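In what comes next, chain A is part of two complexes: it sits with chain B in the first one and with chain C in the second one.
So, the complex of A and B:
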């Protein structure tokens, strides 16, 4: 009887979603040929926020590491782009990749320090570390100290010939980064390490008793997430072309908005950050002119969602319709007669 | 006969409360040992010490010839010690099958297809195959206990620690559980079983120890232990009907 049992790891909804996603990606890749300059800038920003949100979701929603200090790596990555291109003369694309490696490396001693803290203390610890990063970079006078610096024009020009080519390259890099991050998170969560991570999320006692090294698993996620966050940071400041400690290590821009996106969309799901990013930019683009009222509306939306749908918008939809676009689990399928 | 597990002078105290008091005994490979003792005697704490979720103040634990006293819980699990929790600890948001897969991939270290096959076989044995796609958080108490056993078995243990797995079951459920544990035992797995349902214990184990205040107060063949005055005193009103 057991021979007839099949284990399925996909669903028809997921297959349909994959086809649709592939179609959307093709359209997005072609954006430099159909979209205006302002739209491309906006879409680039959306992709980078999507990547940040997916990474924070992996960290907080799966590994249970509620960090409010990921701006440390956004800023670090941004500064590494400037430092490596200006001082070492590296091409920007190489500098971006290297910024990721350095971000992962610097996160190792940081993790060794803050992993001693639990829960709220961990959160505060990450924030303190981010402030240490900000104050440290403000001391580097070669990078403009507290007032920051701009990317020299010859470095900007070295990327591509004309302005529109440069903007297309920045756009493609952002799109590529978002695709790589979402795919990497998906593949990680489907792997055996992902199964361990999901188990830790649900019950640490049982996880340890079933052979899962909790510290090592969380450490791995922290280092990978931090490295990728540094890459995104480098891309963000490649778009901005100017960096300063306050902008690079902004807790509002790189953590508060990201938490908003993940919580609204649905923490602990891959779909959540995608939906959350769309909602966030929809609100921002329609309400940003209203100034402070915009931030009040954001707060109101967050409160309403947390009260009415604590699992976030995607959590609500997925429960209601039993839907998963990124299937992570296993389904046991048996013939009807057994 | 080779020893699979040996406890030497194991002690653990939380302030004035002693949960293990120079506890020593050995378990032979393939043996089934029953553990009796009143509530709060330190039986579950003894399991926590063996599995590594609790660190002893002093003493040594040897498993399969290796001193594992300093090993983490995860490492001990991978080396072949599995347990069922008295209060079930399911991964509530994962399905029953995924719960089993965690044990098969992380503890037993199996590759995907081998792991899937093992999980299906074990789920059939523990009568949970019908619930394979259900979320573990929605299971009844009986099925949660079955899931505890399932996960422990999917870890492919050499030593299985069962913590009051028969408590709260009906007579028929208990009979089928005894049959399952007997067949696990027959396959060569060593077992330590804490249980208040004495007749279930008597049907499986070859030896009994009695624990009170963290101390081993009696050890021997099941029948003679149940008839000893010390046990009669602790278990006033419980009779061995085996």
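So, the complex of A and C:
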């Protein structure tokens, strides 16, 4: 009797999740027709944080590049949006895309320098880079120097006619960015490069001996992540309409929160940042009145998760129920009668 | 003349940066841990100094008698209760746990002391100066530099002349064999962190006398200390002093050219050295 073993990349849970996700996306696309103004703003912020968290997760969870300086690219993207629309007269949407390209370009010399630092020192090196970016943009008096500047009203008006149309556009851009980032991370991890990355994550020495060029793989991930982070940065400051060096390069807003999201949700999984973002905003909306106490609780939760359940919430669920909603691996299926 | 003055002042400032860096260098050397909360612990020490001077009515330098053992105690407990559990081959847990710690300390200080800038009053010491030819040297910067030399010499002596230092070096070389030789590495790491935070206490008090501080300045102090460590070379305490001096001189010279460039010049000096000598000027151990 022949034993038919099938190799499959998906599972019924993943198929169900894909259908549900498609349904949710359709509902979210329609949000400008059913949601209020404040809800849309909040959802836009959630999408942008989800994108930042997915990118940081790719960097730290898969490529092992623990950066505490991604605010460098958030701020850079934001400033590029302002500079390209104000000085070059580009339409905001073009400027956002171009900010991503420029962000990827500038990350090349940055990576060449800070990749000389290893492990934890790499982390602080990225922070130094972010400080260099902040101090440099604070010197540019055309962009308001240390006190920052606002996006001129005629540029804002050029995006769409009415206020609600503009807000809908900003919302769709944020939603689109989150979808593009999550899909891109998923497709990257399913590709040949993704296999190499997963191997590096699991054992750097073994993957090197199998012929994976570790430096080049990490470099590639760093540049792609930086470019996409700059796009998200441009979108964040398109929503805010005002930029200043301290807001643009804030380590708390663009790195600390993002790290907490990923750690609590589950680092090194695609689902983790999604769960983490939902938990983060749930906590924020209920505890934000507590101010500093809320941040202390967040830091404490992150420490406890890291010490007691380093796989995070999603890691716990996926181990318990053997679940993977974004199928990355291969499963061997045996026919039931054998 | 301005330039000579800037170089001299920068050298003395480098003493403070070396004090920021010495604790980082020490714990990295012993247990390969990079403590992201280091800057916030420096600020915590400054606030402890502030409370001590206010409560006992003593001079900030006298407050060292209270703050140094207090910080050492915090360090030992912190290491045994939390940080020891993060050590291992994976670099992620120690980084993220100390990062969370940094956020907790910052916000706890914000809750306890508010965001208003504070400063310690050291009386006549703050303005006293001695003339050296055409230069005028502040007594406080001179004292800070002397403290830096004394602290580093003291750490060197502990490392190479005492049983504790032998335990540090043994666990640094090979943790498992050190365990076999009867050392409890958890205790050794606790002692290393206690010593590092004792140094941090000195750095925090001197920082608090020199400038005003608030709960958010920790990150910047961590970066200065880190740059001094990398410039000087990993694991080399005297190199750390040189690194601090280079950083201080770059900042003061940068500020003479354009006041806005002070911090930027320091970072650029660091990046140039990173580009030219990735392992720092006098490396002892590889990262």
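The rule is short, and it goes like this: the second predicted complex is superposed on the first by the 325 of 338 C-alpha atoms of A that agree within 3 Å, B and C clash if a C-alpha of one lies under 4 Å from a C-alpha of the other, contacts with A are read in each partner's own complex, and residues count from 1 in each chain.
Assume a contact is a pair of C-beta atoms (placed from the backbone, for glycine too) under 8 Å apart; a residue touches a chain by one contact, two chains touch by 3 or more.
Computed from a prediction, not measured in an experiment: that's the story for all the values here.
Undergrad: First (chain B), second (chain C), both or neither: which does A:48 touch?
TA: In the superposition, A:48 touches no partner, neither chain B nor chain C.
Undergrad: Regarding the shared-chain residue A:231, is it in contact with chain B (first), chain C (second), both, or neither?
TA: It touches nothing on chain B or chain C.
Undergrad: Compare chain B and chain C by how many residues of chain A each one touches, and report the one with more.
TA: The partner making contact with more of chain A's residues is C.
Undergrad: Looking at A:128, would you say it contacts chain B, chain C, both, or neither? Reply first, second, both or neither.
TA: A:128 sits against chain C, while chain B stays out of touch.
Undergrad: After superposition on the shared chain, which partner residues are touched by A:210: those of chain B (first), chain C (second), both, or neither?
TA: Touch partner of A:210: chain B, not chain C.
Undergrad: Check the residue A:102 against both partner chains and state whether it touches chain B (first), chain C (second), both, or neither.
TA: In the superposition, A:102 touches no partner, neither chain B nor chain C.
Undergrad: Have a look at where A:202 lands relative to chain B and chain C in the superposition and call it first, second, both or neither.
TA: In the superposed model, A:202 contacts chain B only, not chain C.
Undergrad: Tell me the contact category for A:279 with respect to chain B and chain C: first, second, both or neither.
TA: neither
Undergrad: Taking the touch rule as given, give the residues of chain B at its contact with chain A in the complex, in rising order.
TA: 51-53, 72-75, 77-78, 82-83, 85, 89-95, 97-98, 101-103, 105-109, 112, 116-117, 120-121, 124, 129, 132-133, 151, 155
Undergrad: Name, in rising order, each residue of chain A that touches chain C in their complex.
TA: Within the complex, chain A contacts chain C at residues 60, 64, 66, 68, 113-114, 116-121, 123-125, 127-128, 131-132, 135-136, 138-139, 251-252, 256, 259-260, 263, 267, 292-293, 295-296, 298-300, 302-303, 306-307, 310.
Undergrad: Along chain C, where are the residues that touch chain A in the complex?
TA: 33-34, 36, 82, 85-86, 91-97, 99-104, 106-108, 110-111, 219-220, 222-223, 226-227, 230, 260-261, 263-264, 267-268, 270-271, 274-275, 278, 287
Undergrad: How about chain A: which of its residues touch chain B in the complex?
TA: 1-2, 5, 7, 192, 195-196, 198-199, 201-203, 205-214, 329-332, 334
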